[in-house]
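Here come two complexes built around chain A, the first alongside chain B, the second alongside chain C.
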Partner chain A sequence: MKDKLISALAEALEMDSSQIKIEDNFRDYDSYSSLTELSLLAMLDSDFGIEIEMKEFNNYKTVMDLVKLVESR
Partner chain B sequence: MGLLSFHNVGISGLAGAVPRHIINNYDYDLYFKKENIREIIEKIGVKERRFADMNTCSSDLCYAAAERLLDDMKINREEIDLLLFISQTPDYRMPATSVILQERLKLPSSTITLDINLGCSAFLYGLTVAYSMVTSGGIRKALILDGETRSKVYSLKDRKTGFLFGDGGVAALIEKGENFRESWFSLNSDGSRASLINIPAGGYRKMSSCETVKEKVVDEYGNIRSDEQGYMNGADVFNFVIREVPKDFNKLLEYSGTNVNLIDYFIFHQANKYINSFLAKKLKLPEDKVPSTIEKFGNTSSVSIPLTIISELANKLSLHKRLLLSGFGVGLTWGTAIIEVDGCYVGEIVEV
Partner chain C sequence: MSSALPFTLKGKTLIVTGASSGIGRQCAISCALMGASIAVFGRDEGRLNDTLQSMDDPEKHMSCAIDLLEYDMVGDAVREVVRQKGRIDGLINCAGISTTLPLNSITTQRIEHFLRTNVIASMNITRHAVKSAHFSLTGGSVIFISSVMGVAGENGKTLYSLTKGALVAAVKSMAIELAPRKIRVNAISPGVVESPMSRSAVYSRDAASLNKIQSLHPLGLGKVDDVANACIFLLSDASAWITGINLIVDGGYLAK
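After this line comes the complex of A and B, so read on.
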């Protein structure tokens, strides 16, 4: 699940998987913007079936937080 | 429940109008770099849109569309018993714009006039009001005029909204007829999300003042707007739409007992290319059944559904067709409709 999330995250943020570290704050990536945020939300919905409120999404800071999210559902 | 059904009432004619002035988004580089603009266009899919000039209001676009429709269809104006005007860019704070249009269109003083102040879902709300009043018996013909000049609402210095919106107006004639058969609607609202798309000042909660018209840098990206210009939280809206719109879509299919394969066309509010493609993919809809005008007209709020029908399906509505309409946005409000059209007159789009 972790590898699947990282690869989907890389695609959403238009990065290479190797640039993503589990402890990174994903909002700090250069390519993170209001536009790529939509891709990330779309990815969680279509690849992992996760529909979340923004209030909850805003609590997730690191790549690890996202891994935990997809593993918990 | 917010679920409605109607029998033997429908749209017998449609016409549209857009401003003559075309904005090419790629060249719209007054405040942003061309490479950033290209990135935005790639995502939102808006290449061109139409901007009304200073002297043109939503009502002027609707007026032009209505004149075309009534003349082309040779409608006796004495038979228009109801005029609905849908817009969030009316002529004045008072009186209602529908009353002004009644006089301009030379409709009788016995015509009922009413404004509906809703956004992207409003055409569906307007249809249910018109269908209900026509069904009640006393209304021979109803005219829905739906217009927006979104170009006057949003800051051109805010990249979140500066490249997305355009202007347009439509006229739709509603009347009884056995050929319209059945129609179904689901309408919803969630006021807890009112702040996701709004204009904070200029109404009566926070009245217009020197302070409210001042431009300010509003975020870390350097976007600039005043409190009297539109704000949109795109991510929150997106997240809401991809969750709620498919739910409502399926709820209405179930309520109506309609098989999704029996729908000829799915017309979504033209929010932006990204949202619309996502919805079509999530709902597994074939591309050729989902017409789009986002590329040439942008997001025209409540006008986008009928304008897309007029622009893309003009030659396809002379025979019986079943359409699914889906509108969602400011409020937030959202809705889904299944309507039947048969021999619907569609006028050419007028340039104003």
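After this line comes the complex of A and C, so read on.
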């Protein structure tokens, strides 16, 4: 699940998977923006069946947070 | 035009899709107030009933709980309206979905989903509604709710724009094809209207984003009544010589 999440995150943020570290704050990536943020929400829905509101999404800070999210569902 | 009250909808039978909420719901309520008998279409029977109960003289109208993506079911639903209410004088295609996504996330699956929901479903019910056996022999009016995003661009609106632009384009040829039968076909393109759709949109998530979108509309954000009133005009005999247009109802969004 972790590898799938990192791969999907890389795709959404147009990065190489190797650039993504589990402890990174994903909002610090150069390609992160209010628009790519919507890509992440869409990715969580389409790839992992997770629909969350922006308010809840704001609680997630690191790549690990997202890994835990997808593993918990 | 001989009617003393050209804006009335008295005696007209209409179908309104997407009538469970937002613009579609208000169109049903407002058109009922203007005298029309209406078949409200939507997926959720409970919410359709809520709409019916909000309409003037609920017994005069009917609801049809249907998923318009079940294309093969739509013909029967339209026939049932004609059986119960008589020939159709007008159709408002309100059902639709919106999104804001960067190009990178616009997968073929998402494109197909949006085309099915926003374009194919409304074209399909229109095709059934305007059949000679179903539509008024003296003509009438078909409306597609498009969007200013059908003629203008905005960051992240590619997917939504391509479906709404398709409607604006299709309206023109439909207007030509159906003009001999006095069936008028027009689009209405609203700016941002306060509705469940806009309240869940990205620009509503914080005060700064909302202020920005409000500043793009010189008259402020619209209300669902603003679009419903435009529909009344295009459904009524007052617009008898208007077809193939895209009526912009946007509080000045496109004026700049």
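Definition applied: the second predicted complex is superposed on the first by the 73 of 73 C-alpha atoms of A that agree within 3 Å, B and C clash if a C-alpha of one lies under 4 Å from a C-alpha of the other, contacts with A are read in each partner's own complex, and residues count from 1 in each chain.
The definition used in the following text is that contacts are C-beta pairs under 8 Å (C-beta built on N, C-alpha and C of every residue); 3 or more make two chains touch, one makes a residue touch a chain.
Predicted, not measured: the structure shown is a model, and the values here were computed from it.
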Joint occupancy of chain A by chain B and chain C, clash or fit: clash
Partner chain in contact with A:66 - chain B first, chain C second, else both or neither: neither
First, second, both or neither for A:15, with chain B first and chain C second: neither
Touching partner for A:38 - first (chain B), second (chain C), both, neither: both
Chain B versus chain C as contact partner of A:6, first or second or both or neither: neither
Stretch of chain B, among 78-86, 96-104 or 204-212, that runs into chain C once the two complexes are superposed: 78-86
On chain A, the residue positions that both chain B and chain C contact, one per complex: 34-35, 38, 42, 46, 54
Of all residues in chain A, those that touch chain C in their complex: 11-12, 14, 34-36, 38-39, 42-43, 46, 54
Of all residues in chain B, those that touch chain A in their complex: 39-40, 43, 160, 221, 234-236, 238-239, 242-243, 274, 278, 281-282
Interfacial residue positions of chain A with respect to chain B in the complex: 33-35, 37-38, 41-42, 45-46, 51-54, 57
Partner chain A, residues of chain C touching it in the complex: 99-102, 104-105, 107, 109-110, 155-156, 202, 205
